[in-house]
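Below, chain A partners chain B and then partners chain C, in two separate complexes.
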Partner chain A sequence: MNDAVIKGAGYVLAHVPNLTYELGSTQVMERKKNPDSEYLKKLKRHLRNYEEALAYAPFQAYIGNITPDELSEIPRPWYEGEKIQPVREGRYGEIVPEDEFYAWMLLVDTFDLVWLEDAYLAELRPRLEKHPLIAPPDLKKLGNGKSRAEIEERVEAGGAQPLYLGDRLVGCVRRAHELDENLSAHVIAENMATKASAVLALRHLLAKSGTDPQTVDYIIEASEEAAGDMNQRGGGNLAKAIGEWAGCLAATGSDTRAFCAGPVHALVHAAALVKAGFYKNVVVVAGGAVAKLGMNGKDHVAKGMPLLEDVLGAFAILVAENDGQNPVLCSDSLGQHNIGSGSSPQAVMQALVAHPLERLGLKLSDVDKYSVEMQIPEMTEPAGAGDVPTANYKMIAALAVMRKEIERSQIPEFVVKHGMPGFAPTQGHIPSGVPFIGHARDLILTGKLQRTMIIGKGSLFLARMTNLFDGVSFLIEKNPGRSDVSGVGKDALKKLVADALRQVAANLAPAGE
Partner chain B sequence: MDLENQARIKELGEKHGEKELVVILGSSDPDSAELAAETVTAGDPTYAGPLAGVPLGLPVYHIMEEEIKFQVDPQVYEEQVAMMEMVLDVEALIEAVKRMREEHSKL
Partner chain C sequence: MDLKGKKVIALGDRDGVPGPAIEECLKSAGAELVFVTTECFV
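For the complex of A and B:
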């Protein structure tokens, strides 16, 4: 088999409390329904500052500074007190502060839609100059900014979306059309934030994996955003828009959409393209979802907690041709929820977990770790949605009971052994299976993990086009190494050895005469 | 409960009445099961949807209650629901729905 490998991964969070307050859909709806809302008044007091976000242990797991197993050792609630070193840079990426993130939005804007104030940009510049992923041409692209008066005018009379840092207006995102709601300032701000966070994740992936951007052949973008205009609302190809700002000049690309399951579908596509020989290096990338910021904010505020959903999540994963070293994405291990599979949780888990393992002659306990919907439990529990990853692990354990692999009393033990705590923000596609891939790659390369199953699930009913559920899964395993060298390769090796022996023999002959 | 679903249940409840209609819940969490059961019996307690102040009094059960479970083909139940029985707090779910049913259902 010549399966594709996972050659690298980048993970980024952007801490954006002001975007959360201004543009998160829960807040936007509340403002529309009830402009004097008590919730909105209280909310500002529940927003975390950057240092608090850095000290939030699950975020440190997301960017790779601690493993999920290490996170499980840290007592909850994780949001109370500083239980971990607050570090910006991670093994896989970084947690970028909001003031710098606005600069990233400006950097990736090609239509003069993002404006930042001149004085603010000047303040920011020394920090941007030190950022390892911001090059001199980037600084040139940022320009000198606009005057405060110009920005105020756009916000007050031109339908622009203001960009705040606390009470300070530091910029705006302009609308791209007077009437088309798909190009309104709000939608452009959302898409620009998605694009900016994705670009940052892609730059981290390329830098940290030592990949020349020019060697990327194809990019698949897998967020849940729709980029287009009134005649093609989801026209798309954010993939190329992102690759353009990461130096991937020799790549083309396209977008894959499947709600939260999008990234795992995209990884399957990437692996197939590589295995079929169409491309050598395919990147799957996705930026964050502005609308989902503060999605459960009302419950967090009502329970006196900090508003935890204050970050955009982004990731980028490099799927490449088999190098004999990196972990393989096993093409014979695909699990999929078919149109005819049925939508009950049991039918879904059978299709995604039990069926592929059965086909391979494996037991459920043969998978060291399952990466499911990895939402941080503290974000979902206050809203009554429970601990989502644990619920998934219990379902997998229950399947093991039904298949008589374990006793019912062993369910808790199975959950601990084959599961992990959720460590990704509730950004839909971001927590869905993919957050563990960076960790899994490292753990497999260091021999601490043999096999993991990546599971993506999606709720298709949200678009009101179908009541079907969706999901897809695959195994990532230790690379068996060069044992899979093809017959041609073996012959070539034999010839090399034979040639070498002949040379040795030829050299020996004169000495013997 | 979702406002669209409330509208649909209100329409069906008013059309068929409590003698011809049974609500079967599949909620995985006791609190949301209780909320749903209350909504279709006493009315929407959050006063947000079409069932606010509309006490339909419908008979309401959770799928895992024996009255319903034993009416389902055992093979289908095994294939569709048995796994979740091991995962969920079945007693709490049943208790939550039963309490609302006994208090507010007309039957």
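For the complex of A and C:
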């Protein structure tokens, strides 16, 4: 059927403890309600440094240095002690430190809204020069920075979001309009961080997959942020804004929004565009969610843990025309939560998991691994939300019991065999199905996995426009080889038959004379 | 617990039991739902 293939994946984390403290919505709300909050006073002592974040095993799984199955072998709590080698670069991307991330925000700013201090930029420059994804034109664009006095003046006057490294003010993000709250310093800082992390993920995808940026035809951006102004709050097209900074000059693009389910919807759109022949190479990309930094922080601090939600997550996935090799995104495997599906957990899983497999004549156990909501359990358990991936796997296993595929006693075994530990930060759309796609591609290409189901879910009710839930799913499978190969075979066969007939005719000719 | 005639506030969890599902159960037990919501912590 020549379904589209997954040709590459990039995954990036930006460790941003200061942005967490300044801009995470839990902290912002607390500051508004209670400026003398005990939580805010304690919080700074619970922030991790960069080395501690690098040594956090789930993050190493996210950037591809260990597989989720290898992560499951590492005893929890993962945040205690150094249980894995702290490495910055990964098979799919990197974990970028906050000081450098501010430079990425400056790099992708096209309206002179991000200011960094001149002395600070000078300190940073030698490291930036060594970064494999920062080119000389990038260094030129970064410029020489602003004076400390200019930055202090902007921050003190209000209307600029300060950028700190500890107690040191190193820059600011200026508002883009005097009155429009959609262009306030806070919103611009959020969107610039989303854009910067997405650009980084896209550059990694292109570099690691050996893709010429000019061959990307279309970009679908699938973050959760709204970029616009007072007359079109979610005007969008962050896709082109991101592609502009990754050299994708021959691409156009648009955004897809569906809360946390956005990326999986976007992948379906990408695969459809490719299969229909509109485009050959479509990138689905998303940056991180600043607002969600430290979302469950109060419970982490109350339980004496480090604040674990200190990274922005980003990813980029290349969906391309069938090359006969890379794993296929199976167009006949779509699962979807319809408007009339109902919101009970059972109804959701029926719609997303059972129905598509039933349609294909497959059992639930025919899917080697399910990629569900892959939140790191240590981030959600302290706040009472439990181990979200495991809860999802138990629900799928329960469906298998109801369908008499397994015995009730086999549920734990099913969960281990077909599940995996959560290894993505609680960044909403980032953990929703997509974190496993890079691993799945590698495991399928090396013959260790045959089939995986990617499931994205979204909480539409948070916008107070509907009480509906949302979800979408699809299978990724080993490539059976291009179906147009059989077309070539037919031609070859015709030629063979024609040659044989000519030979027969030649042999018959003398007898007729 | 007899819920008949009781006023109830239901707080559901996105990855647990959502608000509307709690609402259906409690309604069938005779409770009056005065506020139903579902929250998301992920």
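In this section, the second predicted complex is superposed on the first by the 483 of 513 C-alpha atoms of A that agree within 3 Å, B and C clash if a C-alpha of one lies under 4 Å from a C-alpha of the other, contacts with A are read in each partner's own complex, and residues count from 1 in each chain.
In the analysis below, a contact is a pair of C-beta atoms (placed from the backbone, for glycine too) under 8 Å apart; a residue touches a chain by one contact, two chains touch by 3 or more.
Everything quoted here is computed from the prediction, not taken from an experiment.
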{"item": "Touched partner set for A:Val87, first chain B, second chain C, both or neither", "value": "neither"}
{"item": "Chain A: partner with more touched residues, chain B or chain C", "value": "C"}
{"item": "Contacts of A:Leu445 with chain B and chain C, given as first, second, both or neither", "value": "neither"}
{"item": "Contacts of A:Ile411 with chain B and chain C, given as first, second, both or neither", "value": "first"}
{"item": "Which of chain B and chain C A:Leu40 touches, first, second, both or neither", "value": "neither"}
{"item": "Partner chain in contact with A:Ser344 - chain B first, chain C second, else both or neither", "value": "both"}
{"item": "Touched partner set for A:Ala391, first chain B, second chain C, both or neither", "value": "both"}
{"item": "Touched partner set for A:Leu399, first chain B, second chain C, both or neither", "value": "first"}
{"item": "Contacts of A:Phe469 with chain B and chain C, given as first, second, both or neither", "value": "second"}
{"item": "Overlap of chain C and chain B interfaces on chain A (superposed complexes)", "value": "344-345, 385-386, 391"}
{"item": "Contact set on chain C toward chain A in their complex", "value": "13-21, 37-38, 40-42"}
{"item": "Residue ranges of chain A touching chain C (in the complex, touch as defined)", "value": "260, 295-296, 343-345, 373, 375, 380, 383, 385-386, 388, 391-392, 426, 428, 431, 457, 459, 461-462, 467, 469"}
{"item": "Residues on chain B engaged by chain A in the complex (per definition of touch)", "value": "28-29, 31-32, 79-84, 86-87"}
{"item": "Residues of chain A touching chain B in the complex", "value": "342, 344-347, 349, 384-386, 391, 394-395, 397-399, 401-402, 408, 411"}
